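I have a structure here, written as structure tokens, and I will follow up with some questions on it.
Letters A, B and C name the chains as they come in the text, with residue numbers starting at 1 for each one.
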Amino acid sequence: MHKIDNEVMLKIEHIDVFHGTFQALWDVSIEVRKGEMLALIGANTSGKTTLLDTISGLLHPARGRIEFQGVDISRMDPYEIVSLGITQVPEGRCIFPEMTVIDNLVIGSYCGAARKRKDENLKKVFEHFPKLKERQKQVAKTLSGGEQQMLAIGRGLMSDPKLMLIDEMSLGLAPIVIDEIFKALKSIKEKGITILFVEQNVKRTLQEAERAYILENGRVALSGTTEELREEDKVKKAYFGVEVCET
Amino acid sequence: MVIALCVTVALAIMPLVGVPKSWILYIFLFFIYLAMANMWNLLAGYSGLVSLCQPAFLGLAGYAMTIGTWLDIPWWAGMIGGSLIAGLFALLISSAVFRLSGVYFAIGTLVVPEALRMIFFLWRPVGGAMHGAGAGYMIKGIGDLSPHVVYWLSIFVGVGSLFLVKGILRSKLGLGLSAIRDNERAASSSGIDVFRLKLYVFIISAIITGFAGTIYYLYQGYIEPTATFNVRWTMTLLLATVIGGIRTVEGPVVGTVVVVFLYFLLARYAGYSLLIQGIILVGIMLISPQGIVGILRRSKFYDSIVKRMK
Amino acid sequence: MIYGGDIITPILMGIMLGGLYALIALGLSLVFGVMRLINLAHGDFVVMGSYIGYALMRNFGIDPILGLIISIPVMFVLGFFIQKYLMGRAFAIASEIPLIIAFGISLIIQNAHQIIWTPLSRALNTPYSHMSFHIGERQFPVSYLLDFVAGILIMLFLRWFLKRTYLGMAITAASQDKRVAQLMGINTGRVYGYAFAIAMVSAAIAGVFLGMTFPFTPTSGISFLTIAFGTVVIGGLGSMLGTFIGGIILGVVQTIGGYLFGPASQMLLVYIIVLVILAIRPQGLFGK
């Protein structure tokens, strides 16, 4: 069916997640396969960010389990999960605003073995995002929106991840910049890093990703390869009909 | 209600039936601290204003009354006038400290009594400079004032402050405060004037704290700056409120009992009493953020007592 | 104090004194910057540093500055555990609880000092702290010079540490955005512990230099907390350089106040300036 091998890297099984008393995720099951580019699609309150935060260990599931390369990570703390090789690139401009570009990148290599490979990874980041190299001495908050997003992704790469979770990267960015970032993601993927990204821009996502899950109100509504999903009536009606408003 | 009334009456007649003087002193302190702790609870617990400037209010009121007696103003008029001056002072500093929120408010208010201490250390409004800087004032014209009256006044302000807190919480002001506490932004966008409500509470607490302060200084007979504008007062109020249970009506009562009892028990070892209070404070906070009342509320026996008291 | 006839002497003294104030405030600023906690016990930690120096000097004849070799590790470990077992747990309960716990710790330390050392005022008297040196024709105590040098050194060290080491950068990162810091693999709980421990170490150092400059009592902590807070209000929280400048301004204000209105009222001017700054620019002076 698909060209990549089907080894499952991250396996989420039937998780329920709460924010206080409010249940944000209901019986969600997702599989991420090694080497793929997987998308998570959904509206604002569908629970996408909650799902990423649960994988990263900021939240813990009340029920169900999360397994990464055979290890149960559902009770682990964020720093343990990062050192296993899962990095989240948070939504929006979540760089450290008062630190310089280079310091932002260096802090990305804080965890475990990544420190030793700092210089090597720094070189890779600058290959993917040459702009960051030019601006490395600048304070991060002075970068443009697109550059900040690149910095956030670059910082994620510094932790030497096996799996990158990327949250809403295209939010508020110009189409040209989004193109540039997707291009960089493709070449990151080519280097063997698995990518799970979250998007609201459905049309674009279905072009770029290989497979996708669609979340609605904290539940998985649909999943499949992006070719299949593009043909799905429900997707056409729900997302392409209102696409103008979405982007 | 009936039990509460009986207890109050029993305490009120104690000095008449020959109860030891030291006991009377501790009961007196209990009611003074209770009134002030109630006001602090109203501020910190119900209005989110962690005020550390309560010594400023009680000190200003005390000084106003004392200086008044030097100008032949009777002590009882000085009590009322002093309390009002404390209220006015609250209004005055509110324009500065109300710009601060949370922790900044706490620290901003912490500086106020420190500054007042300096001022009263140097400034001698009446009586000339014969005693030198930092000396205190005797209160004049209270020679024939019976100590029983001062004792009864303390009961009046202590019990009265309890009713005041209950009344405020039931009133429109109290409803507004609880709305603010739940969500300040939502309350303010739904038309509640957050600033004004907090200001009312600040002024009320200043007046009552000032009033309790004047009673305390009537008992003491003199006033001087170092012990008056002293962070010890703040410590006592905070300890009583928080150990008992902040944001509960009965918390200050329970907490003040504990604090005064510890003073009584360890009267000869002042340092130990506060050391133990500090340990109790830290311990209780970690076990139950709502203090002793928070722990008690988990038991049914306590519930039944509280219901009967009401 | 040696006040000359002109105003230059108090200004120079104020600048040197400012080094001490910065030293006292650095830890407060660090803890606030990282955890958003005004550590009400910070002044008492400083006094604790003074008493440790005093104990080492009196019982073993160890020079107070040399004694830091012993007191720094002790304060570091103590700070780490206070954060881990008290503050860390308190933060998990509610946001106002750590403030109250800090208050309780302040009470405990103050009264423990009272019991151990009696309320008498003490000082760290060393042969050199009472010597004086000259700038032109003006004479100053050596202890003031030591304050200034120590203030600069510790400020520069903290700046270097926060910018150039992994742990320091992690502390900076956690102070700017806790959630994202966690996503970078930073164990924020442990980082908070180290930040608190470092603040305690700076308090230990401040305590020694303070004790060589002024006498201290078990209740001195509150005045040092107020000074530290004033420094931080003027200089801006979180920034080490800002804190240092704030300390200098405060020191100069105090000595000029003393020069103009007499020593008894020197702190009054400081308090009034703090209140005025709070009223005019409360948030602005706190950085963001």
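Please note the rule applied: a contact is a pair of C-beta atoms (placed from the backbone, for glycine too) under 8 Å apart; a residue touches a chain by one contact, two chains touch by 3 or more.
Note that this is a predicted model, so its numbers are computed, not measured.
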Length of the shortest touching-chain route, chain A through to chain B
2
If you average the Cα atoms of each chain, whose average lands nearest the overall Cα average?
C
State the pair of chains with the top count of C-beta pairs in contact.
B-C
Computed over C-alpha atoms, the centroid farthest from that of chain B is that of chain A
Dist(centroid_CA(chain A), centroid_CA(chain B)) in Å evaluates to 55
Whole-Å distance, C-alpha centre of chain A to that of chain C, is 43
Chain centres from averaged Cα atoms put chain B and chain C apart, in whole Å, by 31
Find every residue in chain A that makes contact with two or more other chains and list them.
none
Residues of chain B that contact two or more other chains, please.
none
Hunt down the residues of chain C that sit against at least two other chains at once, touch-wise.
none
Chain C contacts chain A in the complex at 163, 166, 169-170, 172-173, 176-177, 179-180, 182-187
Could you pull out which chain B residues touch chain C in their complex?
50, 95-97, 99-100, 103-104, 106-108, 110-112, 114-115, 118-119, 121-122, 133, 231, 235, 238-239, 242, 270-272, 274-275, 277-279, 281-282, 285-286, 289
Per the touch rule, the chain C residues reaching chain B in their complex are 36-38, 86, 89-90, 93-94, 96-97, 99-101, 103-108, 110-112, 114-115, 222-223, 226, 229-230, 233, 264-265, 267-268, 271-272, 274-276, 278-279, 282, 286
Which bits of chain A are touching chain C when the two form their complex?
56-58, 77-79, 82-83, 87-88, 90, 94-99, 103, 106-108, 110-112, 114-115, 155, 159
